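So the structure is just underneath, and the comments pick up after that.
Labels A, B, C, D, E, F, G and H are assigned to the chains in the order they are written; within every chain, residues are numbered from 1.
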Amino acid sequence: MKELLEQVKSGEIDIDRAIERLRHLPFEDLGFACIDHHRQIRRGFPEVIYCPGKTTEQVVKIFSNLAEKGNNVLATRADKEVFDALAETKKFPQARYEESARAIVLEQKKITPSKSVIPIVTAGTADLPVAAEAKVTAEIMGQRTELICDVGVAGLHRLLGHVAKLQTANVIIVIAGMEGALASVVGGLVSCPVIAVPTSIGSGASFAGLSALLTMLNSCAAGVAVVNIDNGFGAGVTASLINKKIEANK
Amino acid sequence: MKELLEQVKSGEIDIDRAIERLRHLPFEDLGFACIDHHRQIRRGFPEVIYCPGKTTEQVVKIFSNLAEKGNNVLATRADKEVFDALAETKKFPQARYEESARAIVLEQKKITPSKSVIPIVTAGTADLPVAAEAKVTAEIMGQRTELICDVGVAGLHRLLGHVAKLQTANVIIVIAGMEGALASVVGGLVSCPVIAVPTSIGSGASFAGLSALLTMLNSCAAGVAVVNIDNGFGAGVTASLINKKIEANK
Amino acid sequence: MKELLEQVKSGEIDIDRAIERLRHLPFEDLGFACIDHHRQIRRGFPEVIYCPGKTTEQVVKIFSNLAEKGNNVLATRADKEVFDALAETKKFPQARYEESARAIVLEQKKITPSKSVIPIVTAGTADLPVAAEAKVTAEIMGQRTELICDVGVAGLHRLLGHVAKLQTANVIIVIAGMEGALASVVGGLVSCPVIAVPTSIGSGASFAGLSALLTMLNSCAAGVAVVNIDNGFGAGVTASLINKKIEANK
Amino acid sequence: MKELLEQVKSGEIDIDRAIERLRHLPFEDLGFACIDHHRQIRRGFPEVIYCPGKTTEQVVKIFSNLAEKGNNVLATRADKEVFDALAETKKFPQARYEESARAIVLEQKKITPSKSVIPIVTAGTADLPVAAEAKVTAEIMGQRTELICDVGVAGLHRLLGHVAKLQTANVIIVIAGMEGALASVVGGLVSCPVIAVPTSIGSGASFAGLSALLTMLNSCAAGVAVVNIDNGFGAGVTASLINKKIEANK
Amino acid sequence: MKELLEQVKSGEIDIDRAIERLRHLPFEDLGFACIDHHRQIRRGFPEVIYCPGKTTEQVVKIFSNLAEKGNNVLATRADKEVFDALAETKKFPQARYEESARAIVLEQKKITPSKSVIPIVTAGTADLPVAAEAKVTAEIMGQRTELICDVGVAGLHRLLGHVAKLQTANVIIVIAGMEGALASVVGGLVSCPVIAVPTSIGSGASFAGLSALLTMLNSCAAGVAVVNIDNGFGAGVTASLINKKIEANK
Amino acid sequence: MKELLEQVKSGEIDIDRAIERLRHLPFEDLGFACIDHHRQIRRGFPEVIYCPGKTTEQVVKIFSNLAEKGNNVLATRADKEVFDALAETKKFPQARYEESARAIVLEQKKITPSKSVIPIVTAGTADLPVAAEAKVTAEIMGQRTELICDVGVAGLHRLLGHVAKLQTANVIIVIAGMEGALASVVGGLVSCPVIAVPTSIGSGASFAGLSALLTMLNSCAAGVAVVNIDNGFGAGVTASLINKKIEANK
Amino acid sequence: MKELLEQVKSGEIDIDRAIERLRHLPFEDLGFACIDHHRQIRRGFPEVIYCPGKTTEQVVKIFSNLAEKGNNVLATRADKEVFDALAETKKFPQARYEESARAIVLEQKKITPSKSVIPIVTAGTADLPVAAEAKVTAEIMGQRTELICDVGVAGLHRLLGHVAKLQTANVIIVIAGMEGALASVVGGLVSCPVIAVPTSIGSGASFAGLSALLTMLNSCAAGVAVVNIDNGFGAGVTASLINKKIEANK
Amino acid sequence: MKELLEQVKSGEIDIDRAIERLRHLPFEDLGFACIDHHRQIRRGFPEVIYCPGKTTEQVVKIFSNLAEKGNNVLATRADKEVFDALAETKKFPQARYEESARAIVLEQKKITPSKSVIPIVTAGTADLPVAAEAKVTAEIMGQRTELICDVGVAGLHRLLGHVAKLQTANVIIVIAGMEGALASVVGGLVSCPVIAVPTSIGSGASFAGLSALLTMLNSCAAGVAVVNIDNGFGAGVTASLINKKIEANK
């Protein structure tokens, strides 16, 4: 806003156009959705659609609107049917469906990959879909990733084989369900921030991820910050923002 | 009861005395408390008084009743005032107050110490009172113990120095608050049962021990069984029963 | 690790091989799973696969990898479809599906049965699937078991008929849903440790097993340790580890 | 209301007085409290004041208002200071303070005691204050009671000695904290209704009585109905209403 | 047990037969279920089967076993398929399926109906299935019932039309979901005990009946006791036990 | 009731008819439902049926009963099948099904639209079904509404474009899931009351709307009152009652 | 902002001053607090300080800052010590301490009282402090109020005496703890919006107000909106905003 | 460990010394605490003592041990008495007590301040103690900070004045209680990661910080990661690790 006021002051744009811009430009109202085209610039994000609760028709319309402007687009938690409906439009042949991540990915703008690699570490095989969502998110934000899978604390030596790699990372994503202890153990071994993702993997008193969530929030290893249960997307974004800041600083 | 019926049948005791025994012998009714003298024989336990909710006067009366029969007595969660009131009676000069454990201990019968040692492992210094309760309990049940303190998962190497010792134990007590991850890590390293005690150490989303409790219940390392939050006594009893069975089998 | 360092020191193995072993031997990385072959030696466990969250394809691959090494293998919480997919490979004709336990069992190595029997006691008929999982787990770990079914506290005399048997056991598994009171009652009658399994049987305020879980954690009978809701596997492992220690001690 | 309308119809009272009665008679408005004198007739209750949240001054005023009409009055959860303030007024020298129950009791009208006795059974000594509240409530409602104390399920034989007595009761109050299993066990042994009171006795995962509450709600023994945690008053009222109905029927 | 001991003492039966009876008679072990035939005598109950968690085959076997002894049998929470499987056996043509209550009812022994009627009051139409379960339960226990439906507190006048009827009852069952306020309102209008059943009717913050459950437990009207969420059966049993005691006393 | 008594007094109606009216007129008992025709007059509501838990047959009967009296009728949370069953009766051809709102709407009486407009603001596209329920409810209560969709706090500028419109409203409905922060932000910008509706949109730690519910209850912006999770109907009614009072006052 | 831009456009103020205003005017930064002087204009509120978590020194400074501008000031949840510290400054002799409401009130600007009266209805005497906070809040916002105290649902006739008064109100505040049923009952009797305040009055399963909160959120009477537990202030503000809109409309 | 093995291999150190190092060097066992001197090197942390649950004597001993090695030391959640006890030893005259943060700080080694500044933003004045803990933590880790206080969402313009500053930050700490909405709003405005700290400020349904915690976990603005309730220390560490990585990269 301040910038806008200064442009007005300098005569660069006149008041009428300024008011117009402020009110109409930064987003587009589809009636059922209010698309924030400005976010890509403001936050360095790709265009993202979180699908649950939206009808297939709504997702396809929003996706099309975003894609037609030439942007990269990511649709998360998308059922296969949603992708099929999009594919039927034949408008975005480059769009692909990542089954494990349940994501639709459209890369139209070239992405320059990061120099460093973000390790994505999971406690078990069943945490893979969440890891896949984190991976696809980080990659569309220009980050290279490496998946280190099924190295939970019940067999510590599996993790220890990867310690050297973890200790050179800028930021690490740790994904675990059940008791979620892996985040604390990794956090205790490294000097970079750890983004922890509790998953709903487990049964009974795991209470659909509550157990792992509380574990991670109470981590005795400082430097561990937590995102929502199963929120691979959120972890991917946060880790990407951190790594982008680091590499941008060179 | 079956034994009693068989004694009746064999003529060892007559019916009247049998009924009398069944109704009056195995416990003693103080009005406000019903003392189960039989438990010591039946379960191999010392006489134990759980103090919370009892008045000082009640604890002193129950303690006296138990102690006068020559047994070893343990009073848990006892405030210092309770011990002072007991000490004032001058009846049990051998009774001592364990401050950290908040326990009153009276050893009147000689206890033969176990051959093997039960390791009691804590994640942090603040878990010590719970460990002290477990220790005092195990010891009055005839078990030798060794305290391994402050070896939480944020600095794994502190634990790894003790692995050899842990791997030779018959049973291990693991005590941890906050995220309680230590139980899983220890459980993954050994082949004996682990009795896990969540503690209320922590703040915020530890929810007074709920976090550690859920962690331990969801342990990805099998062989971990859990007792109530801060229940050092329960862990001490369970581990002692296990080790007694093992040593008894020789 | 310490052993390895000492082998190195004694010249038994050279440094290169030691590093190699440390990094590559104890587990095998399938990409989506990191198989811990070492656990069988380290913890005395069979190879176990917890199926939820893994795709059928993943389970079959992990199962095959484990089985091909000649081990006994247990897959828990396996849908019938998973077993069918495994059967179609025709590689392990000895593998069988335990329907009530929802487990796939492959016994390739001979198991010497334990001398003593572990009683598995359930409060109701509906607790049977959890009991079946405990049973199948204990048996593949070499334990003999006896199922005592539907003896909940609403009809105490059903339980009392089994007291003599329970009082001679080394360890008992008690399985109950609803209010889960059976664990306390059994715990009060015996002098061995009791492994309690809350089940999700019940409705309304049983909150999918929370009620039974809290009951068991708050047991007024000491010597009761608890595993996760419906975790027959965990109870089977813990009880087996205890009984193995006891019988090993002879 | 219907009665009133019929009195109007029959000419017994005129409309003006009927409206007057309806609006002013059945209660008395002290500004801060609206005293329901009608309840004693309507529900067969003594006048009762629940003290928490009321200032000492308010309790004394309400108590005085009720007592001056010659009724029996019960004030529950009253601190000793409240009684002292009441005693200082010197208006009700017969009023007494029941310390364990934390109740003020004033018996001005003669109470005819019931023929049968209501057993009040507690699992532990620490449940006594709740039992005392139930007892004082039942007694001012004209019921004879018998306290059976400290017969929790960890030592079943203590309870079994009282079974005959329980089996002849019209209604039983069972009070238990921790895991609260006593209600189910008693419920399974008798053919009369059981009013169960969970108490906040316990620690950790008893969650201030939640554990015992859930246990009792999930009782596998039918015929068990539950009142609020520590609500000895509610149990006393409910059991009294039941027994009054039974004895009234003769 | 005491009776048995006394029969032994009086020479009525000999010891061998007494032991035999104690162990074998009062229940029958089907392997997967332990049928408590004694309960019908001990508690005045019909034979009851709670179906959830039992296979259709198990229910049919238990039902047959109970029914073949000529008893009345009630199976609750039974799917229609279970009844169909039972009907296919053609052994109990009198058995009927109560669809709303989801109960199978077999009346083989003549039931003498109670003199008085138990009102079953529901807050809404959606509470009817729970009311139906209470009704069918009370009726097989010999109680006459009257359904007063959809009189929740949002339209008080609907309830007020029934007050006279409620005020003459011996015991009332009140069934309500959502905020469950009806139990307090009814409780404040009558002088008999109220058995309150919270239901899972509602959405959002009703949390599947938790809201109504808490409301009823916290009722400001004393004399209200609560059973589990949706537990029409439990309310039916408790109310029947109370009314049977009352009518038996005449 | 008071009015009735006064009519009696004035001789306008006689006592017999008064009693009759009191008991029979204001509602109609269908056996399974007790229809409160009086509510429309007493509360200014349309006739409303909340469908969950009612059978299709019951809904159709209640709907028909209400509609036949010529009223406007709203059935909420109605599945399409329910509408189809109603349509098959061919009795109310004007009835329409609002798919997004899952509501059946029958407007038979003319509704005079309000002068002012109630803004219904949603944080996301997925909150639309709840908004649709609020809209349909407000409209059948005679309110004009305007939907402002997908203006959640992650892109504040989308909301800011609507501030002028919001600041002139009499009352605003704000609907948000996930973290539900929109209610506080809107509340801070306007001087009218805000009715906040948390929705179950979200995943993991949104706990089916609990997160948004707590957020809204804890709003740091005063003037925000909250209805149940997903309760578009409740918000529609409350906002309509407010706006009707305001416009009525002119 | 829009207004500001338009003032700029019209030449009323120049750009520099506009930027200055935007950044500095509407609030004042005390370092530890950022005082929003603009809110009084924007939202029609008095200046309000929520005291918990602020030091006495901070409250006194903020209060002084606000009061020195001549505004009316309200400090809620203020301990007596805070008022004493303020009184010691001798700067605001008109400030008074409302003990029951725990509020400091300073009326410097004349308040024109509303024409209509807002009824504040409480279920019990113990709810008075919350009612007092609502009252003091509404009054400083220019509303007349009437307290109707202790008319909970256990004695419905106490409430019915006030129905006529409630039916003429524009908006009603209902305050109740324990089971909180009063809000539904009042909601069912009137045609104006009801602002419901759950209180923490109660014990055991009232869970510090959770029970009443859930009750009110699940109210079967539409038109009931809820504020936070014990939030008399929030209810006072919301009801005042509604009534101001209504009276403003004349 | 790997490094150690390689040093062994290269002959740099012999096996005996390697084992010695591995076991004894990286930590120091005080009996009640196991001090991890290695963490400072491994994780780039200062020495930190979390005081709750430790006795004053224990904290003083641990602090002394750490401080005597010349390190900077931070003790969090320290009561003033702990600092006084430390001060009495007169060993560390430079140690100071930060009252708001409840921290003891000892800077012995010179800290080079960061180039960039970490904004610490709070929603209210009452959040200041948590902000102070974050600030003191970040500063002893070499970070410059700027406190932006009391800019909660109820008065958005207070925050908007700081947007430019926030948009140039590398990482931001956002601290909020009550509904915690500030994290989402800030997250939506910037392109750097946001570390969100829920606080226990609030009352009633804030449930001691649970409300703000859930809000932040469910943030609709991606790039927000969360630490435990009131965990200013954790946020300080995480933000510092991120900023150190960024500045280190230059």
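Keep this in mind: contacts are C-beta pairs under 8 Å (C-beta built on N, C-alpha and C of every residue); 3 or more make two chains touch, one makes a residue touch a chain.
None of these values were measured; they are calculated from a predicted model.
Colleague: Of the pairs given as B-D, A-B or B-C, which one copies E-F, with over half of its contacts the same by residue number?
Modeller: Match found for E-F within B-D, A-B or B-C: B-D.
Colleague: Comparing centres built from CA atoms, which chain ends up most distant from chain A?
Modeller: D
Colleague: Quick one: which chain's Cα centre is the longest way from chain C's?
Modeller: G
Colleague: When the centre of a chain is set as the mean of its C-alpha atoms, what distance in Å lies between chain B and chain F?
Modeller: Taking the mean C-alpha position of each chain, the two centres sit 58 Å apart.
Colleague: Compute the distance, rounded to whole Å, between the mean C-alpha positions of chain C and chain D.
Modeller: It comes to 48 Å between the two C-alpha centres.
Colleague: Can you check how far apart chain A and chain E are, centre to centre, with Cα atoms defining each centre and the answer in Å?
Modeller: Here chain A and chain E have centroids separated by 53 Å.
Colleague: Express in whole angstrom the distance between the two chain centres, defined as the mean CA positions of chain C and chain G.
Modeller: 58
Colleague: Considering chain H alone, which of its residues make contact with at least two other chains?
Modeller: 1-2, 22, 124, 154-155, 160, 188-189, 204-206, 210, 213, 217-219, 222, 228-229
Colleague: Provide the residue numbers of chain H that touch chain A in the complex, in ascending order.
Modeller: So the residues of chain H touching chain A come out as 1-2, 42-45, 48, 160, 163-164, 170-171, 188-193, 195, 213, 217-219, 222-229, 233-235, 237-238, 241-242, 245-247, 249-250.
Colleague: Considering the complex alone, what residue numbers of chain C touch chain D?
Modeller: Touching chain D: residues 123-124, 152-156, 178-181, 184-185, 187-189, 202, 204-207, 210-212, 214-222 of chain C.
Colleague: Can you name the residues of chain C that touch chain A in the complex?
Modeller: Of all residues in chain C, those touching chain A are 22-24, 26-27, 29, 31-34, 36, 38-39, 50, 52-54, 58, 62, 77, 198, 200, 208-210, 213, 228-231.
Colleague: So in the complex, the part of chain E that touches chain F is made up of which residues?
Modeller: Contact set of chain E toward chain F: 124-128, 149-151, 154-155, 157-158, 160-161, 177, 201, 203-206.
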